[in-house]
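In the two assemblies presented below, subunit A is common to both, partnered first by subunit B and then by subunit C.
Coming up: the complex of A and B.
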């Protein structure tokens, strides 16, 4: 049962990350997830101050806001101030992450946040964290509920905006012509992405969440011919890495989160090498 | 009716078009011609609303273009798109059938039929299941043309749709455009080949950063106007006008 709860939580995160990651990889802004994962820290601290717990709805709300704001700020600096995308990304997330660290230490021992749990998460504690409200909500652990709600939001968004997302991802110029509000599509994608990052961060930690956003999507991108197959492939790679990584972790007594990401990374390497063979001589996929 | 009033447009503070004023009744097949750097693409981008004019206004059917975007269709410049994108030719053309009020993940059967129809019209139906990156430059151009046609918009804007297209498909595209225009729709097209221009269009806009002339082709396509715009060797131009007067039908056979 515990294995099931852990795998269900990780599996749902992998599905969300595959979807969000695919759009970001296609829009060539995959590293935004890294920035967003680090930038949630100040929000986490503020949420902690409000609620006194590490996983309440306040924490999730503030962390998601702070992570979304970082993406917004990066876009703003890039588009309106004309600062190079990488430079504005580097500036925004290091600043926000540092502010978070400063806030954490300023509060001293009052806050139960340390570098280890920020970076690696606490996947093995997932089955022990319940809402303790004495209701049907106690049927499943809190992290799993969080994953279920965010997955549900993704499903609704994809169902209603499938065509718009595809057009936006492929050809932003055509959005203007077809009267698609591409700014709002991008914003909605980033809001959902930040929610996935925040609920995933709780279990996996910042670094591993980024791995799940980028690796399966990038792997799928290398081997897929259509948009639909890319999304499906990235889900398969994500969920597959979770299952295989967990088995390896049990067998060799490794940390489960990192071993899942290792499997995803290995997957990507194999796909990249095969891709290189197929396009022999042309090297890695060119940008144009 | 397309009305351009006192238009100054350009990039940054540099103006590429000066004081453009003209109006052309629609439906029409309008050619925008002129030498390189004459502001042809700038005018097209301004009509499309991609480029905000420095001064002046453009109205389509009596309304500002910002309100008329759903009645326009255009073919983007080929380098603005990521060719490694995992998408099939058919899916690109289906985008042309998107309507802002439509929701849900699927296109209707009639949308698919329209997309197939236009894909066939540009001679690319056999490639409908290929990934867009597997096509050649000219083939990609035709797919994007099919997407623009599939919008069935009142005004189709094209920026040199024949660039990089082989002669056979070029002819096919031109006859397709004439057909499209005969259905009561309009085409505004940047074009550089004067020989085909003389038979293809019914209205012309002749640009050399300023407006040289605009109106029905008979009034615009004259030796004096072309000389003003191109400043080229008079004999070539006069020979061309001469040929045009005698055997206009044969001119389109030339490359």
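Coming up: the complex of A and C.
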């Protein structure tokens, strides 16, 4: 049962990450997920100040806001100050991360933020974290509820904006001509992405979240011929890597999080080697 | 009170900032800023292995394994980017997270087996507070070496950064250059991540160069601004951490860099976001005012102007318009002249489109609505000369003469 709860929570994260990651990788913003995962730190500290715990709803809210703001600021500096996108990314997230570190130390070590906790999260504690409100909400662990809500938000967004998303992911210029609000599509995607990142970070730590946003989507891109199959493939790869990584971690006494990412990475390497041999047999190029 | 220990910390941070900044110039200019971030995470497994071999001493083993793993990571990024359709930033992210996860896996496995790995945790957040004089010495040697090499080969750095094809044709051994640069970057990052942490090293690699490039396109000025801003930030951070001993000096340095550069991004007199915004706003107002003047001139399609119309208020302030005794707005002589000037540009352009570009009469108006705001006086004069000073436009409306 506990294994099932962990895998269900991680699986939902993999599904969201596969969806968000596909758009971001196609839009050449893969490193944005890494940036957003780092810049949730100041929000985490502010949320901690408000709620006094390390994983309340306030913490999740403020962390998501700060993570989204970083993405917004990166776009803003790139667009209006003309700073190269990659430099703007590097500048914004490292600054926010430093502010987070200084805020953490300013609180005098009250906040429990050691390196292990940031990197690994508390994957094995996931089945033991309940809301303790003595209601139906106690049926499932808190991290799983969080994942369910965010997945639900993704589902609604995809259901209503599927066509626009597809066009945006392929051809931003065409969006401009077809009068599709690509700025608001990008912004909504980033809002949902920041929610996924924060909720995933809360349960599993930064490494797993960033890995699952980039690796399955990139793998799926290499072997898919249509956009829909890319999404489906990246979900399959994501969930598959979670399961296989967990089994390997149990078998060889590894850390589960990094082990899942390594499996996903291995998966990508195999796809890349295969791709090189086939050359032009698969994959598609969006217009930029 | 500044203790001897703090002097070492400030000196160490300053040297690290200087070293990263001077390395960051070519990295930034080659548009590989995020590669620096990737590299600082990717050398993590190398550091773990080195610590395992050497037992925690930062020495040549650490540097060597950092160079090997870092160069391999960069090679992998290049290969993935070139051989598959994954864009550069995707490849960077893939290598970053994969190498980092391998490092974590290795570290976790070794720790569970009871093998102590002293100092590996510092790779994430740094440990400037426990800086040893020997670390500072190593940084000083690297800084000196970096400066000498930088100033010897700087001509190639600029040529390669601004036009890599030209550099290739001028005899730069491109592959060797890239290999040396990535090995050197990996070495520098290996030396600094144990002091500053992976993220902060990446920040100090990019931010000073980005500020330098934002403020100047001149290579000499760019270098000067980059190096000076890095050193200033490190020294300021050092003095702040003197009064707040628990603060991480590395994080403070990055915040100082942020506070040095962010105001420039906003308030720079020509490139800053605020100034650009003001300029756009002014331009929009000019268009609005010119349209208002035009509407006042041909009273036919005048909309209901209220007293509080902001455009009219602005025009009244510069006495282009005034209120007549009936309480209605009318053009002053100065406003009349201005309005005729705009109408003249509009109709000249319509004539040009019709006569020279053979556009049908029906489709010239929309374009002229835009061009009337953009033509300057000289272009207007040349246009009139080219069209033999026409007296009427394609719609047979008179073109006001130039005053």
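Methods note: the second predicted complex is superposed on the first by the 279 of 288 C-alpha atoms of A that agree within 3 Å, B and C clash if a C-alpha of one lies under 4 Å from a C-alpha of the other, contacts with A are read in each partner's own complex, and residues count from 1 in each chain.
To be clear about the criterion, a residue touches a chain if its C-beta (ideal position, glycine included) is under 8 Å from a C-beta of that chain, and two chains touch if they have at least 3 such contacts.
What you see is a predicted model, and the numbers here were worked out from it, not measured in a lab.
Novice: Once both complexes are superposed via subunit A, do subunit B and subunit C end up clashing or fitting?
Specialist: clash
Novice: Return first, second, both or neither, reflecting whether A:221 touches subunit B, subunit C, both chains, or no partner chain.
Specialist: both
Novice: Tell me which partner A:31 touches in the superposition: subunit B (first), subunit C (second), both or neither.
Specialist: second
Novice: Could you look at A:163 and tell me whether it touches subunit B, subunit C, both or neither (first, second, both, neither)?
Specialist: A:163 contacts subunit B only, not subunit C.
Novice: Is A:101 in contact with subunit B, with subunit C, with both, or with neither (first, second, both, neither)?
Specialist: Once the two structures are laid over each other on A, A:101 reaches subunit C alone.
Novice: Could you tell me if A:90 is touching subunit B, subunit C, both of them or neither one (first, second, both, neither)?
Specialist: In the superposed model, A:90 contacts subunit C only, not subunit B.
Novice: Now for A:180: first (subunit B), second (subunit C), both, or neither, which partner does it touch?
Specialist: The answer is first: A:180 touches subunit B but not subunit C.
Novice: Figure out whether A:127 sits in contact with subunit B (first) or subunit C (second), or with both, or with neither.
Specialist: neither
Novice: Looking at subunit A, does subunit B or subunit C touch a larger number of its residues?
Specialist: C
Novice: First (subunit B), second (subunit C), both or neither: which does A:82 touch?
Specialist: Once the two structures are laid over each other on A, A:82 reaches subunit C alone.
Novice: Just to be sure I read the superposition right, which of the two partners does A:265 touch: subunit B = first, subunit C = second, or both, or neither?
Specialist: Second partner only, subunit C.
Novice: Shared contact residues on subunit A for subunit B and subunit C?
Specialist: Residues common to the subunit A contacts of subunit C and of subunit B are 28, 221, 285, listed in rising order.
Novice: Where on subunit A is subunit B touching in the complex?
Specialist: Those in contact with subunit B are residues 26, 28, 158-160, 162-164, 166-167, 169-171, 173-174, 176-180, 221, 224-227, 229-230, 285-288.
Novice: For subunit A, which residues count as touching subunit C in their complex?
Specialist: 25, 28-31, 33-34, 38, 76-77, 80-84, 86-91, 93-95, 97-99, 101-102, 105-106, 108-109, 115-116, 118-120, 207, 210-211, 214-215, 218, 221-222, 252-255, 257-259, 261-262, 265, 268, 272, 275-276, 283-285
Novice: Within the complex, which stretch of subunit B touches subunit A?
Specialist: By the definition above, subunit B touches subunit A via 48-50, 69-70, 72-74, 76, 79-88, 91-92, 95, 98, 100, 102-105, 107, 131, 147, 151.
Novice: Along subunit C, where are the residues that touch subunit A in the complex?
Specialist: So the residues of subunit C in touch with subunit A come to 28, 31-34, 36-37, 80, 83-87, 89-90, 92-94, 96-98, 100-102, 104-105, 108-109, 112, 121, 124-125, 199-200, 202-203, 205-207, 209-210, 214, 246-248, 250-252, 254-255, 257-258, 261-262, 265-266, 271-273, 276-277.
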